[in-house]
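Two complexes come next, and they have one chain in common, chain A, joined by chain B in the first and chain C in the second.
What follows is the complex of A and B.
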């Protein structure tokens, strides 16, 4: 029985859902973090980080293929029994809430900092809630279409960045391996964090129409994200002096401030508006799977009621409390640490578990 | 019922939109186009702003104000007290620093808000004004458009001909923080009218070091940027009985193409930079008789020698003052990293002892319409 047949997604949607979830906050800060830890050799850490994330992604896909019609929620309950399974699933819910809230508050803070410093945060929150509600209420397939569409709409960005070519000082990148390999390996943890997002496959796998392309899809998504990170980082390193890049909070945004056309002076504003779409493809899937999981835990098929409650809570909380600049950084760090466990350690454990625990789903037993 | 609820919700959310506090109507805005920083005899900081006035009734089309304040952001409050609209810094085109301020150290710290506030335009051109800045702001004449727009054109077109550099505010940040390079910004001066006067070279910290003439700037630009815009160079041609004549032997050419290679090495405790420049030039003026068909090779070698001599003077001047506007430090870092690491914090000191050797190869590609 195909439980999720009504909501199947194509391979393209699968790729862009994962790619969208991966590329988010990281793209703004990764160049600076890498410059801090590694220096101008940081771009090599990205490639190493990509290799790690592809490896774990493949393990994850393998593990999920054991029960192709089940999401992680059902698998855990099958493997661990009803109550222990539910407890672990609840932890996953907490993770999804953490991820979606981090992205959400980051987006609000960014808008507040860059575009609308005088506007109260809850108004920005309200404005974000409307599209979030529209996209999420219709489920996985619509979200997949949305992610794919957003991806196509951002294809102009690399072209505009290329107009910066004459401002680049590629001499900054030399010498290669200036301090040897050690710092490059030290940079890998922060790059693998920016690949967090492929763990959504825990939920997405059963929705995928053609399961034979699951591995190919997840590798493509990782590679796309790697190319985005690599090009952004190289451009930042070429533009900013290695001595100055650590001065900026968001070097990638600063890059856009330089681009200037005869007919358009502040391209960065335009970029930031489009960037909100990119951020939304990171935050919305986590939001969807938060309410999707809580509904499933309570045995309900329709996730919309939970969505309304969740969004309402966000508005209420934003009235009362908006994280400060330093809280935000703590939040991002926390997500990084938890993400490391959920996205990198958990799939390996799961793969081992499905290898050794041979339980059959009820439908197949009958 | 559901529909009504949905519509009601959407309406409520949309109606909250006007609550957006950052809305600004253009008629309420005063767009600052030029900002000036200076210091007076009593060591008080002075700030100037020039903004266009969009009003049919106004006779003068731009307003200039100067205030005393302690910082740029504080000065904005004072400007708001004077101008009709709220002052906005998103359209700033020129950033002028006066001579007296340039002589103080650490004036660059005043620029903090420019980089911290995301709304500031960082593409504004940096300008060093050789004199008190109020002169520049109150130079409005009937023959010229608004001060800021006039100066903007002046600087940009001068840069197109490579008689001055074009350093944006963002670029200045790079030049200040980059250890292997010292800043260079456009220099303006008032002789009779305000005019571009080549390039101001600054020290590591941003203090004024020396000035380059427009002529020398072309050489700096060739080394720093390669060929960008038009490069036209005029050189004396060696002449045995030259000095007394009114019309001396002179040759002018423009650079059609330029490629350079820098070889970096570290020998005997100092850096060596061997710069190999290949110039493809076209003669545009020659005010003495010369047989180009026969002796074009000789002309090439003469030009090579003259250009090398110019560079030698320029480099000596900079090394004496311990500045490196050419960015040789970047080459040192890229190719002699271990040695660079030892001296990176005193790069200008190391550069003053470095040996720079510039070899040029001139290839005459064109001779103009007459023989």
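What follows is the complex of A and C.
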């Protein structure tokens, strides 16, 4: 009966998959956005954003637990009927494509900006296709293992950041609540965007081995991400003066630039190289679920054929057109808007729908 | 014939059973299909005649141009009449033949009523009823008694081929472990393992593989510990083989591993009985290959290639330190030249100015780009290494001296490569010798060149891509259906006790999960309490 039994993921993998998907682009830009909107009290918005995302995550988990063996693809087709369901699923595919492509172009742009300014973009794309293909082709389980491994690989980062402690001016954070609560609430929309990624649970939930830990897992993932954002933002606020920070595109990278050892300068280069791993755990799940969903839509079990087509298309497109920097910013904004709908509005709607539409799943054919 | 069709049925059923879970993927299926069509038919079964002359004539037609075949016919004093003793002279133990067979048969001491078999003072005696069995047994070193008027032959085990004495293991030397390594005879190897595990749960399944070589494989496992699924997987894969002969354990490993295109070894081959015993106790499965001085153990994980027997016999803080050293060596051996290339040719801003100046100074006279420089030196190193492996010890020293002088001094003085490069190569070489498993160390040698190429083309981004791909590959690998990246990814914290840190033995109360053992508990409360109590 269990359709995904062969590809189950553990709770750890569930946590790290979601956490990996959440922490990505946001880490680089969130401190500046918060400084722009809220000022030095921005870190409180993160905690509020976390609370919101945890709430929605729990609603989502509750909704998914109604049909524990089904992904969102099947649930939608069950609730809305075959054709309407497929139409909505198609929208989700578009969302996944948007998300994965945004992350992908972001990674390529970062590399072209900081590391390989003279290499054509499509070569960098070609390079990234190799590990993407390697990880995605074996499905959710391997992707889960990948996210786990990458998480362990990034554990050195906070330690190195801590060496910056003596450069911090914590006075920047004072006075707390300088302008009252209003700006803090205004900052929440941009922080909850950084938590986008937990909506992967739409797909991941049926793969989870021990469903009783689903809620705990998703809350843990959100909390981990919150801690990452909080520490990065606090460090940025402590390091830059409140006005200076708004001038940087990627303040977090600038932070790393200052770290320096006797034997190692420009730690930011190394950070950027490792940051590719962090970005990969954001982009790869969306890529997997793009091809996973399209192959499910066409009734195929094996997603690999679609993966090959998808990756090939990426290469072709990158050869013809590579988004400029401002196009990329637009992409990120677009993902933000759509993500708000898919990750925050959709689960609530789904939970309501699951509550009121009581359809029994058809007996699955063996 | 009957046996063949039965085999085919079970094989096709087996293929269906696997369905999605086809762990070996297309290769396994292809192999099974090839097998269904092409399995050679070995001819009809020829019964043994009751006339001795006919039998001998038939043996002589079977064994043409076989000068080492001995057929000794003699009149026995029994009513049973003439007897022929047949064997291949090099494969039997002459003492046993002379003292335990010929002597009692020619000069019987007991009365004539006893059966001829009762006269033989040999342990293992069986009967054969057809010529094919007789032929096979003779070829494997048994001697066969054919008796006038009987349609069964008496097969006597008198193996005695040239053998090597049990010696220290060559590849996996150990400081504190046992100094007995496997030899080329499977019976002895099984005995070496059994000495560690005198337990009735130690089961041995014997199979023969190879149409011509008929290699004897013994699958060993602890029945109450090893997982039946993994065992079945191993057995099925071996049964699917259709091949001339399996000469060596390495060949078997290559034929049954999960991903034939991976650079990583997916099954452990070891020449240490104590290490096999400890693997068996953890729930893994060993395959003893006759004629091969190493034993195959699976399922293996990436981490298991960094563990040695000595880890458990030295004190745990020391063992932990050495193990961490090995992982560091793994990173150095794989990435150091690549990092050097990337830093020198792409990302020199990472190195502090003083260091970059001295690097630049030493590279001043070098005409090659860093990638070529590194390739040159690494290839020289690999050549020296290969040259040393196969040379006899007295000449081997020459290689060392020549290599030392060439690499160490002349090359730098001539301005072909830089000082720093020599240091890098030396570090890499030392690091790659620290990896305890030869197969894993060889895999890293290959990966190093891939990484160097990537770093030469794309700098640090190339290394990141290489590492990402390697990680992705490593975690998607499986060994006999068990994840290769375990216990790191998938994370199993209970197995971390033996991953980076080797915790005190009394703390490792359970067997590793990654071996898929059926019984997890392996010891009770053993913590020493000391004098303070």
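As a working rule, the second predicted complex is superposed on the first by the 363 of 366 C-alpha atoms of A that agree within 3 Å, B and C clash if a C-alpha of one lies under 4 Å from a C-alpha of the other, contacts with A are read in each partner's own complex, and residues count from 1 in each chain.
FYI, a residue touches a chain if its C-beta (ideal position, glycine included) is under 8 Å from a C-beta of that chain, and two chains touch if they have at least 3 such contacts.
Given the structure is predicted, the values throughout are model-derived calculations rather than measurements.
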Chain B versus chain C as contact partner of A:174, first or second or both or neither: first
Chain B versus chain C as contact partner of A:247, first or second or both or neither: first
Touched partner set for A:127, first chain B, second chain C, both or neither: both
Partner chain in contact with A:138 - chain B first, chain C second, else both or neither: second
First (chain B), second (chain C), both or neither touched by A:118: first
First (chain B), second (chain C), both or neither touched by A:257: first
Which superposed partner A:270 touches (first chain B, second chain C, both, neither): second
Chain B versus chain C as contact partner of A:198, first or second or both or neither: neither
Touching both chain C and chain B, counted on chain A across the two superposed complexes: 115-116, 119, 127, 130, 265-266
Of chain A, residues touching chain C in the complex: 6, 10, 12-13, 111, 115-116, 119, 124, 127-128, 130-131, 134-135, 137-138, 141-142, 144-146, 148-150, 152, 262-267, 269-270, 273-274, 276-277, 280, 301
Of chain B, residues touching chain A in the complex: 10, 13, 16-17, 19-22, 90-91, 115, 118-119, 121-123, 168, 170, 173-174, 176-179, 181, 228, 330-331, 333-335, 337
Interface residues, chain A side, partner chain B - complex: 113-120, 123, 126-127, 129-130, 166, 169, 171-172, 174-175, 178, 240-241, 243-244, 247-248, 253-254, 257-258, 260, 265-266, 268
In the complex with chain A, residue positions of chain C that touch it: 20-21, 346-347, 349-353, 355, 458-465, 468-469, 471-473, 475-476, 483, 485, 488-491
